[in-house]
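Working notes, beginning with the structure itself.
To keep things simple, chains are lettered A, B, C and D as they appear, and every chain counts its residues starting from 1.
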Amino acid sequence: MNALRHQMHEIIFEADTPAGRAFDLLLIVGILGSVLAVMLDSVQSIRADYGTILLAAEWGFTILFSIEYIARLYCVGKPLKYATSFFGIVDLLSILPTFLSLFFPGTQYLLVIRTLRTIRIWRILKLAQYLHEWDYIVRAIRASTRKITVFLVLLITLITILGSLMYLVESEEHGFTSIPRSIYWAIVTITTVGYGDISPQSDLGQFFAAIAMILGYAIIAVPTGIVTVELNHARRDFKVSTQACPECAKEGHDHDAQFCKFCGAKL
Amino acid sequence: MNALRHQMHEIIFEADTPAGRAFDLLLIVGILGSVLAVMLDSVQSIRADYGTILLAAEWGFTILFSIEYIARLYCVGKPLKYATSFFGIVDLLSILPTFLSLFFPGTQYLLVIRTLRTIRIWRILKLAQYLHEWDYIVRAIRASTRKITVFLVLLITLITILGSLMYLVESEEHGFTSIPRSIYWAIVTITTVGYGDISPQSDLGQFFAAIAMILGYAIIAVPTGIVTVELNHARRDFKVSTQACPECAKEGHDHDAQFCKFCGAKL
Amino acid sequence: MNALRHQMHEIIFEADTPAGRAFDLLLIVGILGSVLAVMLDSVQSIRADYGTILLAAEWGFTILFSIEYIARLYCVGKPLKYATSFFGIVDLLSILPTFLSLFFPGTQYLLVIRTLRTIRIWRILKLAQYLHEWDYIVRAIRASTRKITVFLVLLITLITILGSLMYLVESEEHGFTSIPRSIYWAIVTITTVGYGDISPQSDLGQFFAAIAMILGYAIIAVPTGIVTVELNHARRDFKVSTQACPECAKEGHDHDAQFCKFCGAKL
Amino acid sequence: MNALRHQMHEIIFEADTPAGRAFDLLLIVGILGSVLAVMLDSVQSIRADYGTILLAAEWGFTILFSIEYIARLYCVGKPLKYATSFFGIVDLLSILPTFLSLFFPGTQYLLVIRTLRTIRIWRILKLAQYLHEWDYIVRAIRASTRKITVFLVLLITLITILGSLMYLVESEEHGFTSIPRSIYWAIVTITTVGYGDISPQSDLGQFFAAIAMILGYAIIAVPTGIVTVELNHARRDFKVSTQACPECAKEGHDHDAQFCKFCGAKL
């Protein structure tokens, strides 16, 4: 019995065996297929013509994911810990909406929860050959978080003041009807998105907007710089081993080094 | 008496004690609450329904901030220096507009000054656990200022010439009614904001615009590069400056240094 | 006979001789001229006036390129390997559409294939003085591919969920008619393109859009950082790999290395 | 006589003396004033009211600049070399249009040439305290030029193919009336400007556009990375002196180093 659970764990949670990799591939196809079905279902014309097929597909995917979810619960060491983990909750949210739609027919809100299935692809990324890259990016983002937070606080105060200023300068008929809406405009402008649904018309408004654009254009440098520096350090950490020379005790040797680069002793 | 002032200073200006941290938290809630009140007050429909409540909240926040301002003046060593410092002025500007509104009723201009309160959040950032990150970003921006200035002068001359050129090439009915307006368009384009409120219609105009876009797309690299390099050096400086010379106690040695670069002593 | 083929190979495939460089220059002119002809041919008014001249030019270029293609096949060592290589196929696709247009008159689809000729310019870049730079960029992009892939998967899941959310929040008359269209909007927004053909109108929609914009504005840092780091390492590799060990002749030593890291010999 | 010329040279061409700095300041004011006058002159309403004053100002600035130009010619060592240098031509173009306007009244084209005066500010940047930063940026841009060229060729081929593809996919009533116009759209999209004056309407067009946007969003990383790496190397070169240790002959010492960090010898 335990052997079966162990073997199932190998296939479902790991990606080292051929069976495990085959399972992962199947899962990717399933996830992409089910998300595609949700998308197509939202297109009026397609729903009218192929609604029944899409409903059948939805139930097919849901039953498959349910079996998978039960199998995961069965073969994992600590089922409760899995069920309350990030991926455990995402797995549950992938099947729940379809069952709930039996009780709450016609609810659109369940549709969005279904697309959360897409997140399940991350699990396979984390398992498979991209683990190293995943780690690298996550490590750099984690190292940047506090610095980015400081930057975001600076940005948000800037946007608030800019939005308020433009609310004064531009009149209401130009779309700046309230401070929250002016702040929305400020975000659209500072981030260089620039829809053009609201845009300054007065000379003074265009002058302030021009300054805001150049500012937004230039300060993108700050988060980019922060992440670049952290990515650089994360990469160096991967490359340089923590191995110290047994003779002179110096560190900073490359992974492929066989002799100390400072004293020539064998590592 | 002095003990009380010292204790108040600890709570209001520092963040090392539980009381100081509680005060900071309270202040953040107060700042965000009062800014939110200003924002909601600017929405026509909300003002019509909840105008009296918002006015009461505004006065509540103002009285609280006034007490805080007086307390700061009381417990700080040099009250005048505080009052004329950047944060001292921001603190004053947070309370003044509400009192002034008694004398100048209906002035919209006081509204914007109120939102300057948001800047007060910076003070807490600088105090609390984000001091290190704040220092890091500010140091890099300060080190970049002169280089960014040179870049901005280059950018502004480019924008001026591009704007003038487009004023010639595009006729007035396409929105290019004067050189200042053409320069506004050039800024919208070079910074990749792209509202689309003014856009070139003639073949030649679109050709020049296309070149301007590719240019704007590429030269963003310059400020980004400048800040990234400075951030990288600022981070290295933090890492390097730990080892002090045993002889002359100077810091700033490289990792591979074996002798002090200032006095020649063995590290 | 062999001498002729060798000499032709020198001229057509290499760029070290004056004749080879002259051939490359001629080819660039030919490629640019033929692409320009295709472009002009697509402009209604020009086609009406100069259609016959453009058709003649098209046939002229095609015959020239055909002779060149046959010459390449003749003088290359392994004709089949060339014919099935990336540039071999591009060369063939540069001449085929014009011949095919004899059998399928009026097909617009052949037009696009003609513009694939532009890719032929890459071949000359790879040959000539830009080989070093080409190598540098390609090397860095190749080293980044796997990391960028992880980033893109994260981005696409984010976009999918954002698109679905906005489909719920915004009603259909604002342009969010289906999940695929909402995802299109999400891509336009996250990448900061911001056409403004679809834009959120409701308060909640603008709130979510604002968060998406700030997110899109900040996460551009990730691919930029990845590529910057790899470009930095690619450049360092060029610089480092000059010193070879006198004993084992291996390269790749750091600048501060005093002993070979592979065999321990003094450098 | 020679003493006068030498002294004038000091004042006009250098910025080390108080008189030289005063001259530079005056020149900046003059340049900004004359450019402002040109801008205001292009605004219909301002021209109608203050046309005479602006014309007088224009002639005032022109006469001042003419005197300056003659003074430069007089005091410089090789007048011809100065007259044919980049800044010599810019200086001439700053005064010529006003004189030419006597012979060709009403020509708008002379207006744009006048705004070329803005470039004259660069000369002061190069002289004054910003020389170091100017050198730094120019050096990095020069080192990046060849790599950016390769990137631009890749980008332009990509844009050409994308534009041709969209010309096929999207019909003419959506704005994609010819390949050149489609390429204009492709540039607007890839550079993330996104005016929205032309935007894809068909499902397939939006799908290709979405791919183009993500591509444009990601490949901005390449020029940014190239410039960042070069800026980093340019900064390192400035910081690390070329001084070698007299004892162990090692290089790479900081500018503030007084002792060799490898052997402890006095530098």
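Here, a contact is a pair of C-beta atoms (placed from the backbone, for glycine too) under 8 Å apart; a residue touches a chain by one contact, two chains touch by 3 or more.
According to UniProt, the chain labels map to these proteins: A, B, C, D = Ion transporter.
Because the structure is predicted, anything quoted here is derived from the model rather than measured.
Copies chain B and chain D of the same sequence differ in orientation by 90 degrees, per CA superposition (steps of 5). In a homomeric contact, the two copies may use the same or different surfaces; for chain A and chain C, under half of the interface residue numbers are shared, pointing to different surfaces.
Taking the mean Cα position of each chain as its centre, C sits at the greatest distance from chain B. Counted by residue number, the contact pairs of C-D are over half the same as those of B-D, the matching pair from B-C, A-D or B-D. Work out the mean CA point of chain A and of chain B, and you get 28 Å between them. A separation of 39 Å divides the Cα centre of chain A from that of chain D. Shared interface positions of chain A, defined as residues touching 2 or more other chains, are 180, 183, 192-196, 220, 224, 226, 228, 232.
The touching residues of chain B, counted against chain A in their complex, run 35, 38-39, 42-44, 108-109, 111-112, 114-116, 118-119, 121-122, 125, 130, 133-134, 136-137, 140-141, 148, 152, 155, 180-181, 183-184, 187-188, 190-197, 220, 223-224, 226-228, 230-232, 235, 255-256. Touching chain B in their complex are the following residues of chain A: 146-147, 149-151, 153-154, 156-157, 160-161, 163-165, 167-168, 177-180, 183, 189, 192-196, 199, 203, 206-207, 209-210, 213-214, 216-218, 220-222, 224-226, 228-229, 232-233, 252. Those residues of chain D lying in contact with chain A across their complex are 192-196, 224, 228.
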